[in-house]
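Before anything else, here's the structure in question.
As written, the chain order gives the labels A, B, C and D, with residue 1 at the start of each chain.
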């Protein structure tokens, strides 16, 4: 992490935020390597928790009140609703594990590592500019976004792709809070709404796809192509 | 245009029309002698024409009006050609109307019409003859044009009388380009007038003939005109040769009519020599297969172009 | 006021349709709503012509020359599309491809889509812009998968995932933008996301942040524009959705996405004072043109064919915007207009054609001219227009673009021309046998509605020969704005 | 001044009037009577009016107007100068005959509805007129492509026939590629001014290199329309496909608009040509001419034959242009003027006799429904009008005096003949070969035309059903008569025509370049001493001799005629099948020019029970040029197609990589 040098003389809040950030990164790595769908969902919920934590800390330490709302929003949406929905879906569609990843796990890990380094390098100049206590976590936010991107690329099952997508949203949200003390409320609401609707549409989709393809395996969805 | 001019003009045409069959007869006589045959009388062509004129014309059922018009057109074309060519004198008022290129065009017209007439009946031989005639034509015509060009480059004019006039005026000089052109012209002459080695004027062996195949269906006065025309054509060609290569002795410019009296015997002399030479060539050479003909003519064409190039390179 | 109506109507329409969308008279209502929207759009346009650009509702919404003509265009095409879909959907229903419930879904989503388009165009807030784009994706996803066939589901899924991911990048870009802006404008309240404010202070924005954020925005919205190599969702979605949807996707969505990209480009270019964003756009544009032009040769499905042609034309427009300068921007805007009109017209014709022949496979569609002269001529003329044949307007814009390219980037001209030639061969060699030759197909239960087709083509023809002064004036102003 | 403004507006009025006439056709799209008896004659009238206007304008001063149309920054400019006036005259006079013929020709139930056909036909005419009057790149391109488009629809009138569709596609594709090249040419021509009016291009100063580029692009672009080898492949496909009046219009007039374009660019917009342009165009033109005529000789479809002969004539015209440029580059304006006059003259002649012949084939087609030469013959007995009028066209195109074809060839040969004054030795050497090639072409043209006419109209009917053939109607006769009369008049009064062409020379080459006729009847461009030609006197002389000979022979003996079976060396049975077929007639050429062709021969063996002889003659350019290009395109397409295999993860990877790449770039 870019700010190891000054860890000692950082205020508690900042340390907490760093902690949350580290947890977030750790969780996304875990998701990258996780095969079982249910635990994937749990990890996602964990991400949500970390997110809420960091947001609250930021809100408290900076007195940005609207952040409390967004924290609440996150709590409801990402810790409760979405995991619940996903659990329901997985049960209803009785999906077990995402059998095979396209690239085997260790390789994915290595690539993930490279991606993280790249993200940090990318964030370096930006966090120099940031005035927030949380600036140094911007790199982590980017890393999370890219890791979930990687996860979407490597997964077979529709549902794990969706989870990757949501994880990406988490990364973005984290970036929003860390780089700037959160986006304006309207925007936040809009984003939240979109995510919610999106997930429901995903849900609808799973059933249609299941009806049509008898499975959520994306292998079956490669008929439209140029060859 | 002066009185002398008109006189030269009319005399030239008259001489051509009258002497042409005689010249043909002379050539045939020479050929007979050279091949140890007893020669037909000199006036044989006239007799033939006269006989044909008295006959009753028989025409195929499938003949169209075109078929009947063509002989007159041919005759007209050849006579007009004779009016352009300086056979006796270079002071030809009519020659203003058409230069050497037009002359070549005139020959082409004649060829096209006779070929059309040949196709008109719709017999196998007719169309075959037309095809071969046109084949010979499209190789011989450009060669002739090139020959004329060589001369006109030397003289800076395409009007035959002017060319002849200029050439005759010069002191005797060697023109290598003209030498090339001369050979080419000779070959064209043989080909165009259905002589050996391209065609045999006296053959009726169907598969070898060209000119005869085209006129198979003609009879009586039509045939007479055609025979006359071909005699006239030969005469014209020979006169072109004279005008280009040995123009001496022509009545030049605005000279007095007496010069014509001097020019006429000279012309006859040239004709005698030319006829003999022609007969000699025909006797010593054998007829080519029809598809050797293109090579022969292509050679002529090449020679003519070479003449032109030489003219440009050496300026002589 | 017009603005409120303009935005309110489609929203209301969506709600209404959600309730009564399956009724017999629903299509007519749909048409009426669109008509009203169009009228409101015209009123707004007139207002803007009268008294210039405007900012309303504490600057949350604004209208300037750049978006006003896009608004008018959007409203117009939504009107014609609703007219077209009226008969088209009836026939689909008659063929038993759609149930009542689906029709309801279709109608309400259609109106919702229109709302999101207009919102995206009119909002002054980059955040709202993002929200609207995302909403547009969501509403169209359901439209694409309307038939619930395997192919349509697959297409919708790819569309959803790819555009979702893309749009996420765009969000990140927006965040970075905000991050840079709040230093200058202060984080409190909205102002740091308002385009007008950003534009005012773009000179002071942080360069490194903006360049990075532009990359994210470009990749994000570029995915929706369908720039190669981010285009892969586009042909599938166009080919598998119902034809009216393909028409609005090609005719509107791509434009609006490009509009978003250009808005960002204006800010970024103003800030980092280098040609880099322009060059990125040009690179994307050229790649798209070339890739699409060659892929056209592999198409067997007619709607897919024209989807690729959309990619090609978006590439041309992007390239033109990338070059920048008054002429190129003018040409790009003109090309946006004529492309939307022509392409939607083509999709209308294609829709009826494939209904008549009962297939979208090119080699099975034959002899339209005999089958139904209007459809045949519509398709033929539309194809020729989109191929840049004078006297249609597409040629006018391509002429300007090419000549500008010759001046500013001579190296690019041969590439463009080659691609245009290849595309011509590809499309025309497929359209001609469809239109000409021996017919194959059956009569339709409802007579096709081709008024929209010829209305569009007439407009395009007019733009090729004469551009109304006020329109030219807009284009000029907008071009100046884009810089 | 004032009146010539009127002239320009008049010309524009005619052009738009044509389009209006076309639109009227949509009023009653299916009424042959309305369209044929009313609209087409109206179009013909327009043609005559246009010709008259052009004739007045050809010596008049240059006039131009700006129309309130076009792009905001580039309104349409129109201009009427001697060059455009000449080509407008060509368009008007030729199209008048064709329209009248078309009035009688188009019938019910042949592909497109008459009304629509009328629209396309007159839009075609109008756009050609606008091409000739356009004075800015945009207007030119628009009318140019409109012309291509309308003619394309005319070609594909009977689109149910696959070959016709193929032909149409090929035609439009090549036309479009040509247009692209022309567009590029204009882009170069404006030379940094970024004004796309022709005036700006005249002002522009180009370096020799750029000028050469522009010239090359122009030759390619317009050559594609004119049918310059190897861009000619569409021509023999499209002409047989189109209805005959359309083929006539395309071959007779449309090809000339391409010539107009080349002249406009090379002599008007570009100032000082380089000598090697002339040499190159000369060589290209002569090759095209030879190529065209040789292929024409072996065709078995009468309209294909005419199409190839159009290629030949275009070659001759291009040779003339090349010669003009050569002289112009060496500043020998008088000779340049002569060869330019010859070129233009040939354009005019070709417009007349080629249209005449195409229309004649149209009548034959209507009468017999047969296009293959192998099944025609003997039509002179059934269709005397068409036959005799076609004979005039045949003699004219074969370049025989005293018809018009000969005059232009005569002029061209004259200008060839006086080339050796060129200071450039290489060009000097080129010329005699050029002259030879031209002579050879002319002679071969005669061969081709004898084949054409003889096989169609002469001989005996090769198929029994030909006996039912009917001669054409009066409107068609009128059209044919108009064109035939044109051939004769143009042949007989060359000095008058040349005097008109002198104005064009003077406009393009300066006063020094004006071609003189020297005298009212006498045609002696350089001096009567050098060369002279008086067709009238010539014709008089010949006809006097002919009449005399007729009179005398008849006088000597009454002209009794007996009819009987053909003699044919006494062969007993002769069927019409024994006549030379088209293949047979073409055999010598096929034999002599073998390397030109790509032939597939199937010779019968002595053991065949049913011996068959088959020969297919194909065009090398197809296999050498076009198919390879097509293959490359498809290969590339497949290669790119590989990138898109339908796997969503891969697509995500693409966007991921794009993102990363761009980020790396900006960092």
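The working rule: a residue touches a chain if its C-beta (ideal position, glycine included) is under 8 Å from a C-beta of that chain, and two chains touch if they have at least 3 such contacts.
On a predicted model such as this, the values are computed, not experimentally measured, just so you know.
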- Starting at chain A, fewest touch steps before arriving at chain C: 1
- Note on the structure: Under the touch definition above, the chains in contact with both chain C and chain D are A
- Can you pull out the chain pair that has more C-beta pairs in contact than any other? B-D
- Message: Measuring centre to centre with CA averages, how many angstrom lie between chain A and chain B?
- Response: 103
- Item | Separation of mean Cα positions, chain C and chain B [Å, integer] | 79
- How big is the gap, in whole Å, between where the Cα atoms of chain B centre and where those of chain D centre? 36
- Item | chain A-chain D separation of Cα centroids, rounded to whole Å | 71
- In chain A, what residues contact two or more other chains? 122, 149, 152, 161, 221-224, 226
- Query: Could you say which residues in chain C touch two or more other chains, in rising order?
  - Reply: 157-158, 161, 165, 212, 295, 298
- Item | For chain D, residues that touch 2 or more chains besides their own | 640-641, 643-644, 648, 652, 663, 667
- Note on the structure: In contact, pair by pair, are chains A-C, A-D, B-D, C-D
- Task: Spell out the part of chain A that touches chain C in their complex, as residue ranges.
- Result: 122, 125-126, 129-131, 142, 145, 149, 152, 158, 161, 165, 168-169, 172, 175-176, 179-181, 183-184, 186-187, 190-191, 193-194, 197-198, 201-202, 205, 208-209, 212-213, 221-224, 226
- Counting only contacts in the complex, chain D reaches chain A at residues 640-649, 652-653, 656, 660, 663, 667
- Task: Flag every residue of chain B that touches chain D in the complex, lowest number first.
- Result: 53-54, 56-62, 64, 66, 68, 72-73, 75-77, 79-80, 83, 94, 96-99, 101-102, 105-106, 108-109, 111-112, 115-116, 119-128, 130-132, 134-135, 137-139, 141-142, 145-146, 149, 152-153, 156-159, 162, 204, 206, 216-217, 221, 224-225, 291, 294, 301, 304-305, 308-309, 312
- List of chain D residues in touch with chain C within their complex: 68-73, 138, 141-146, 149, 156, 159-160, 162, 165, 168-169, 172-173, 176-177, 180, 183-184, 187-188, 194, 196, 633-634, 636-638, 640-641, 643-644, 648, 651-652, 654-655, 658-659, 662-663, 665-667
- Task: Report the residues of chain C in contact with chain D in the complex, numbered from low to high.
- Result: 157-158, 161-162, 165-166, 169, 211-212, 214-216, 218-219, 223, 229-230, 232-233, 276, 280, 291, 294-298, 327, 367, 369-370, 384, 387, 389-391, 395-396, 399-400, 402-403, 406-407, 413, 417, 420-422, 424-425, 428-429, 432-433, 435-438, 464-467, 469, 472, 476
